[in-house]
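Structures are listed in the sections that come next.
Two complexes follow with chain A in common, the first pairing it with chain B and the second with chain C.
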Partner chain A sequence: MPQTILKEIQNIDSVEMVAICSFKGEIGFKVGELLPEADLKAIAIHLVRAFAALKVVGKPPIHMEIYWQNHFLHARFADGFVIITICNTLEVMSLLRITLNVALANLLQNKTFLKWLKKHSADALKQLRRGSFDEHEINLISQFT
Partner chain B sequence: MALVGNLKDIKLANLVQLNCMEHNTAKLTIEYNGKYGFVYFEGGQVVHAEFDPFIGEEAFFRLLRLYTGNFKVESGIRAPAKTISASWNNLLLEGLHQLDDQDQKSGVNFKNLFERLFTIKGVKRIAVVDTEGHVKAKSHPEIPDTWPIAALVTYEAERIGQSMHLKSPQFVSVNMGNQSWIIMPQKKGDFLLLEVGKKTRLDLIMPLIKKAVG
Partner chain C sequence: MDLNKFAVCQLVSGKIPGEVTLNSMEWAIITQIDGERTVQQIAKKLTFSDAEAVMIFNSLLSKGLIEVIAVKEPEVQTVPPAFFTQLEKILIQFIGPVAVYVINDTLLELNASREKFPKTLAPELIELLSDEISDDNKKIQFQKQMLELLKRY
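Let's look at the complex of A and B:
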């Protein structure tokens, strides 16, 4: 089950939440209750927008990490989905990256996951065209699309 | 024997000064990002410079803007042409004056900051970008004048923070396989964008970057 794979990531010290979201922003699987679903969905959409923007200029990211004072978000991008991990210490970063690579390989062999992915797969670039944007986002996106 | 090194460790202005004061006849080759630049000295004067597509004084001034790049000084090699007639000290003064003007136009003097950041192993290119994506200062001439992608990535990171009820991020790292970006929000909404090599370890480099930024 994808949840079992996500549990392995959550077992890393200080990991508070792990979620798999599609490029549509749909939450497929998650462990941990740190954030309400609406906030998690919004986070996924912002991450996919950043991914899509970089893809447009030929620099699709493998992962993106955001650091705050006591929080740290890791987004591991794959074909059609993103694994979002939130934890509160930087010390686990190397272990987290390795574990995510293994988790990703396991997910891509998991039938339940693949079935979900097939149902929710979408082109990331759509997130630059559809959805709600504020004026600043519209201005920046219009400069390169 | 040729003198070799990197402009991170010794500035081009110092190399020129050294060769001119020693009355050298030599060829200085600078390799920067796959491009080559040349400065020729004869009897202690700068007589020729090339930096594709520029030649003469303009090439020399462009080379002075480089903060990084491998160099090699080979003694006894004469210039293939003479395109510079100004004395070496006037040439150097004019070049440094142009650099100062460039910094003043950008509003802030980023030269010292860039120099400090380039002492950190792994840092390849640096830009200061505002929230609209306008590049206010850049370490390398080929960095575009507007970088809306970088501004959008930073903005999306800030929006993510809002969804998590957090303030602006301390920094954002984006790994693109063969290179990574480190984005650090600064005062007044600007942010510092550093391009680092793929093998650069964030946990080692971040304390040094924070120290350099101050």
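Let's look at the complex of A and C:
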């Protein structure tokens, strides 16, 4: 089950929430209850738009780390989806990145996950075509370019 | 005593400072100071970064509201020598005999030694060593094996 894989990530010290979101912003799987689904969806869309913008300039990121409302937010991008992790300390980032790489490899062998991905897969660039960037997005992107 | 993230503070007693104004973060810290917990422990509780907390504590110190009573340097947990023996064995499978030299170079880069290598630095070491593996699939295999090794130690 994808949840079992996500729980491995949640077992890391200070990790409060892990979620897999499609590039449409839909939440496929999650563990932890830190945020309401609407907020998580909004964050996912922001991240996907940032990812898409960097992809356009030829620098698609694999990992993205953001300080957000007293938490550290980590995004691990893959083909068609993003794993969002929210934790409380920077000290676990190395361990988190390694665990996410392994978790991603396991997810891509999981039938339940692949079925979900097939149904919800989307091009990140579509998120860019929906309206223009707000000031927060421009500020965010400027940190990575 | 210096104020750093390992410092323990208490409220100043027997001295009434002049009129002071506290911002919300300073007030949050004041409510947590108990003469036992370190700056770092209070920062964690309030989800401040260590640097932020030290800055706020310094501000409270300069206002004469708190004093440093102790500095509790934490005991650093190190990995046992067997960790490096296993690490070498695994990395050799991926990059060959050069693994031993790569590990030594990476330790130099981290300014650390095998004898006193902190457990908290192990994931960073693994990440740096992973970069030496060019094949992405092999890199993941290496990280998978190393995660298992980390769980054991």
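The working rule: the second predicted complex is superposed on the first by the 127 of 145 C-alpha atoms of A that agree within 3 Å, B and C clash if a C-alpha of one lies under 4 Å from a C-alpha of the other, contacts with A are read in each partner's own complex, and residues count from 1 in each chain.
By our rule, contacts are C-beta pairs under 8 Å (C-beta built on N, C-alpha and C of every residue); 3 or more make two chains touch, one makes a residue touch a chain.
Remember, it's a predicted structure, so these values are computed and weren't measured experimentally.
Asker: Using the superposition on chain A described above, determine whether A:105 touches chain B (first), chain C (second), both, or neither.
Answerer: Touch partner of A:105: chain C, not chain B.
Asker: Which of the two partners, first being chain B and second being chain C, lies in contact with A:125: first, second, both, or neither?
Answerer: Neither partner.
Asker: Please indicate which partner A:59 is in contact with in the superposed arrangement: first for chain B, second for chain C, both, or neither.
Answerer: A:59 sits against chain B, while chain C stays out of touch.
Asker: Quick check for you: in the superposed arrangement, does A:95 touch first (chain B), second (chain C), both or neither?
Answerer: second
Asker: Check the residue A:68 against both partner chains and state whether it touches chain B (first), chain C (second), both, or neither.
Answerer: The first partner, chain B, only.
Asker: Touch test for A:49: chain B only (first), chain C only (second), both, or neither?
Answerer: So A:49 only meets chain B here.
Asker: Touch check for A:27: first (chain B), second (chain C), both, or neither?
Answerer: neither
Asker: Name the contact category of A:78: first (chain B only), second (chain C only), both, or neither.
Answerer: In the superposed model, A:78 contacts neither chain B nor chain C.
Asker: Which partner, chain B or chain C, is in contact with more residues of chain A?
Answerer: The partner with more contacted residues on chain A is B.
Asker: In the superposed arrangement, does A:143 touch chain B (first), chain C (second), both or neither?
Answerer: After superposing on A, A:143 lies in contact with chain B but is clear of chain C.
Asker: Residues of chain A that sit at the chain B interface in one complex and at the chain C interface in the other, please.
Answerer: Chain A residues touching both partners: 71, 90, 94.
Asker: For the complex, which residues does chain A have touching chain C?
Answerer: 70-71, 88-92, 94-95, 97-99, 101-102, 105
Asker: Name, in rising order, each residue of chain A that touches chain B in their complex.
Answerer: 35, 39-40, 42-43, 46-47, 49-50, 53-54, 56-57, 59-69, 71, 73, 86, 90, 93-94, 136-137, 139-141, 143-144
Asker: Applying the document's contact rule, which stretches of chain C touch chain A when the two form their complex?
Answerer: 44, 47-49, 120, 123-124, 126-127, 130, 139-140, 143-144, 146-147, 150
Asker: Going by the contact rule set out above, which residues of chain B touch chain A in the complex?
Answerer: These residues of chain B touch chain A: 131-133, 146, 148-149, 151-153, 155-157, 159-161, 163-164, 166-167, 169-177, 179, 202-203.
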